[in-house]
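Chains here go by letter, A, B, C and D, matching the order in which they are written, and residues are numbered from 1 within each.
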Amino acid sequence: MYSILGIINLNEDDSRIEELTYNRPIAAIPFAGRYRIIDFTISNMVNSGINHVFIFTRDKYRSITDHIQTGRAWDLERKNKGVFIFNPLQNYYPYLRSSDMDIISDYLDYIYYSKEKYVVISPSYFISRIDYSKMLKEHIERKADISVAYKKIEKETGEYSDSDCLIIGKDNRVIDIINKKGAKNVFMETIMMERKLFMDIINKRILGTDKDLLKDAVFQLKNNLKIFAYNYDGYLVKIDTINTYYKENLELLKESTMSKLFSDSWPVYTKAKDEPPVKYQVNAEVTNSMIASGCCIDGTVENSVLFRRVGIQPGVKINHCIVMQNSKIGENAVLEHVILDKNVVISSGEVLRGTWDDPIIIEKNQII
Amino acid sequence: MSKEVIALILAGGQGTRLGSLTKKMAKPAVAFGGKYRIIDFTLSNCSNSDIEVVGVLTQFEPLVLNSYIGIGAPWGLDRRDGGVTILPPYLNEEGGEWYKGTANAVYQNIEFIDLHKPKYVLILSGDHIYKMDYSKLISFHKEKEAEATIAVLKVPLSEASRFGIMNTTEDGSIYEFEEKPIEPKSNLASMGIYLFNWDILKKFLLEDEQDKKSHHDFGKNVIPNMLNSGVKLMAYPFSGYWKDVGTIESLWEANMDLLESDNELDLFDTNWKIYSSAFIQPAQYIGKEAKIVNSLIGEGCKIYGTIINSVIFPGVYIAKDAIISDTVVMEDTIINESTIINKSIIGNRCEIGQNCKVGKTESKNISIISDDFYMEGGTIYV
Amino acid sequence: MSKEVIALILAGGQGTRLGSLTKKMAKPAVAFGGKYRIIDFTLSNCSNSDIEVVGVLTQFEPLVLNSYIGIGAPWGLDRRDGGVTILPPYLNEEGGEWYKGTANAVYQNIEFIDLHKPKYVLILSGDHIYKMDYSKLISFHKEKEAEATIAVLKVPLSEASRFGIMNTTEDGSIYEFEEKPIEPKSNLASMGIYLFNWDILKKFLLEDEQDKKSHHDFGKNVIPNMLNSGVKLMAYPFSGYWKDVGTIESLWEANMDLLESDNELDLFDTNWKIYSSAFIQPAQYIGKEAKIVNSLIGEGCKIYGTIINSVIFPGVYIAKDAIISDTVVMEDTIINESTIINKSIIGNRCEIGQNCKVGKTESKNISIISDDFYMEGGTIYV
Amino acid sequence: MYSILGIINLNEDDSRIEELTYNRPIAAIPFAGRYRIIDFTISNMVNSGINHVFIFTRDKYRSITDHIQTGRAWDLERKNKGVFIFNPLQNYYPYLRSSDMDIISDYLDYIYYSKEKYVVISPSYFISRIDYSKMLKEHIERKADISVAYKKIEKETGEYSDSDCLIIGKDNRVIDIINKKGAKNVFMETIMMERKLFMDIINKRILGTDKDLLKDAVFQLKNNLKIFAYNYDGYLVKIDTINTYYKENLELLKESTMSKLFSDSWPVYTKAKDEPPVKYQVNAEVTNSMIASGCCIDGTVENSVLFRRVGIQPGVKINHCIVMQNSKIGENAVLEHVILDKNVVISSGEVLRGTWDDPIIIEKNQII
């Protein structure tokens, strides 16, 4: 088996999901009841046999450091390998942030001293179940210089509207990349190549790389190097707007969707929190909902996702809501189409009603 | 490095009174409370009490327990020096033998204890459910300048004859110990939690080992011998939830106790968390026609049926129109459609077919389905 | 989680031929090379070969070994799933028994192995000194589609009758195995390193257990039985340093081998590091009148005397005018002024008084001073 | 026993030791053959029973992160406590660096959620064997609001010339602090108080605290609060100049000095490096030197300190040198009064001679 160094690039545009990213990057947004968005990419790497992972942050990295800790939850607390978080060095001012090439190049010696033959670079905001070992297999078989993963979208949906799309030739070679609404081959921003080539690109030692963004630098090489497209066709969502965040969470309440994301053979790992089981009290009426451990429920919950340690008092009615960790909803409150961030307290009798296309968002630590 | 206190957890018992639940594992490894194993309580107590060296004395079917405890990380016991160590019997130059009793088990590990040069040794049982801050017990022991301290619980006088009873003077010093007295003089029951000055304990263990007639048991031999020899024994009064889950009934009861709204064990208390080796499961899903009342449900469950007064462990699937009441369902079990289960304990990884009927609410007995059991649809098992 | 390969290290032997060095500890825990313990080599080989599940089968005086291995962190074996597990004998429903032989030791741990659902099981010995990339052995095994593969070393034909000898066809498949043959047909000696397909091995272990006449030993029983039954056995040729340090002489020799300038074991190779549980010692201090030639000196030593062709472990104090040659001095030992030591092994935590004389260069025998020995000044011990 | 949160404040002036601090803070400079300077403070904390340590960095923190890793070497890899490194948040530009108050206040919630009753704040560049549990005992007995540690210097030496000194009243109460050459009561920049008071000071919620530097803020309170001086009288050196760095390293070759810093009852922990024992080859002649593991010596070494994995070839003569990790000295080279930083290669036959008061310094990774 060839070894792969996993690189998670958190240089992700969070401007369209800012209500949830004031204090955290997209990677740290809670998702699916007990995870953070980055858990899916890390778990994909671990499940693909990768045991050496570098996470390059851009800003607001405190929540990533707190979440990853030593990496034990992913079995990535290792003597010589494991997971490492690299924050931008202080000599970069915020206005230089947009360049992931610069952030990575500051830590190039770590990549140099790694022993893996290949690297795979992935963002966090595409949630998938991609198997990088299969991607590598194709990469080697095709004798590719670079492989990039994409998913072919059947119906035109708005979910990937801001994504780059690949123009792919008959032999699966990438002809071009475009940013165009309604295109079919969504580029998952997942890139695989030999580690040495990656270092050359970061170092801009390769003819034609004069870009600040890694993906631009890579596609600039499309005529010089063999870039192949790897077709992934499993679960895929891109979480970079409030709208997709809200709908894709609730979409998981469908058995058919949930089973695409979760299965025993491809576990998703996350930090354990030592929460007790969910306590359903005498007035609990819960249907079609996903409930995380440590919740204590004495009211009515329908079509909702509750994260850890949420408290629902008697008389409460919530429907089509996402309630993040440690929020408490007081007696007889009624919430519909609402997203509560962490540690929110909703007072007794409060009524909040958003809509399916415009959910109300309550920020972290608010008392309403 | 020397540590002031080290704890030894006696986890070697076969637990025959738990029947088929302990066929392939030691009693402390039995599942409890919708997420935990029995030994989680003692290990978490140690961790929360800042005890950094814990030995777990095992000998019967230790595989599940060993692999569960692993390196001790879930309890913060993966320490560079000390942490948690599994202590089975071993061979030495003179051969070797299995643990003959609680005192002999500790005797066989004198060398391990000496390695850490402790001042005090805390002897614990791996099959009790309770929360206790041992550091308070230790402070009490030091304050009273005791040589041995035994934690005691007030039980109803009517039940006292089922316990080892400590008769104490006003200041709490023990002058008499009676094992299951017919006419108890006090209601202070021993909880099987002992703190000893190591030098004293070691001396008595060495003596006890020489005694051919001894059962090599703390309650039967070591404590009475200490009393006779004038060792200063103190009773440390504990109040709060405590349960020895040595029988099917008490295990079931302890699970049901958790469902009381004012249960003293309070698993939701963040100041004294009970740690457990984590499951890799997504959040639980509750279906459109599900109904759950007064129950504890673990991670990764999929519930489409009705659950009343029950404790459901992670990864359990309950199909629609199934009705579960007053029941404990352990990990990864599947209950199929229209099956009705009352007052039972269903083991790990079972599958119960459609239209079965297990257990009876009005029955005195708990129905048990042991691990990995497959029950044909339509079966009646009461 | 299923792992492709798991390794089992046989570390239960009493090591009686190492005399007083193994009185209170298992052989694999014996100190070696100025820093290491014998088992470090096998554990480091596992770690460097990316084997993530390692069972260490112990039963004789396992305390030092257990506490040395701890949670496996120094070797990177403190894994969430797997890592290193100590496997002593245990009781089950039918009672329990001590390990009767190498094959029986593995037999008693079938349940542990099955837990990890491995495709291959690698059987290793805890008392060999060598560096080996097991992943190459595994690739060889797969390539050859073998059912069992035995690592072999070419030995001088004159010495072959001291080993278990594999007679192979041209492609490396074994057609005959002879234990210490008087007239060896080949010079390929078994290194006691076996890779088996787990399903095959399990079948043979179950059969061997039934055989009342068996010694339950891999070399004597399991391998010959496999040969007779037509199992595809391959010999994997290894070249490089390898030593079974089962006797005082071989232990001393192995230490001296490290001092050869071109020694194949090369502890300084950063591509195949030998890991070890670290000592908490400052850097060593070499005094104004010290003289050290061709020697290995561990951390925290204070050297004021003369050291020639010797291996000195951490924390040793050598006073001025002391002369140490062709000698191994283990941890924390003190050698006082004007004492002369030749061709000896001095155990841990000894103190040798002034003006002593230990060992003789021209002697055939190695002088041994066992752990914690105090030698009066002026003693002659040759 | 009362519990203490340990805080290591790396806001240390490195301008007078800049040859060794281009790429590392003072805390990460190698010292005494196998340690980094910060090891001594962390070990003091651990030996004092502290198991919760916060390290606040200022800049060049990569080497600290690499060194500390998960904290396992100090037994500070713990479930709920252990060691945490806090780097300045990116919103601080370099010119704001001088304020440790600001850096700490960004992470005040971590201090808030800690459970220890007391905090002790210490720098790294004072190397000592202070026992914080003894300091706490005096702190409690005196009913102090704040305790500060100092050492009384008998002879006037230049070593502490840039240190603050305490003016102490008869009852051990601190009257004032001055920065004056030749003063006797050297302030070790070690400060102890209740955690709540510390938070108030950082928050500038206490009357009269309007300073940017923690120590200034503390002494500003001298009239409002009871600040007591704790007398420490063991080994103490301050490493903030090349001169003290050089001389204090070699000073450790004296048995009497070394035994003041190292003893079995107060071990100094550091990251293990899996180095083999030292190999002395046939031409080795080593006297009065400190040698770390993994060195391989075939030449003459006198009155020197060799860090890990240094190579000394035949014919080499070094005297009064400090040779850091992984440096290699080629045949017949002669070095006197030289400091080699890490990974230096000295070519065969090279001759370098500094003086006792002005040693030659060769920077990291140089080939001479």
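FYI, a residue touches a chain if its C-beta (ideal position, glycine included) is under 8 Å from a C-beta of that chain, and two chains touch if they have at least 3 such contacts.
Treat the numbers as computed from the prediction; the structure is a model and nothing was measured.
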| item | value |
| --- | --- |
| Winner on C-beta contact pairs when C-D is weighed against A-C | C-D |
| Farthest chain (mean CA position) relative to chain D | B |
| Whole-Å gap between the CA centroids of chain A and chain B | 40 |
| Averaged-CA centre spacing for the pair chain C and chain A, given as whole angstrom | 47 |
| Residue list for chain B, restricted to those that touch at least two other chains | 73, 78, 80, 275 |
| Residues of chain D whose C-beta touches two or more other chains | 72-73, 77 |
| Interface residues, chain D side, partner chain B - complex | 72-73, 75, 77-80 |
| Touch list for chain B against partner chain D, complex | 47, 73, 75-76, 78-81, 275 |
| Chain D-touching residues of chain C, taken from the complex the two chains share | 33-35, 73-74, 261, 267-268, 273-276, 278, 280, 282-299, 307, 311-312 |
| Of all residues in chain A, those that touch chain B in their complex | 32-34, 72-73, 253, 255, 258, 262, 267-269, 272, 274, 276-282, 284-294, 296, 305-307 |
| Sites on chain D touched by chain A in the complex | 59, 62, 70, 77, 87-94 |
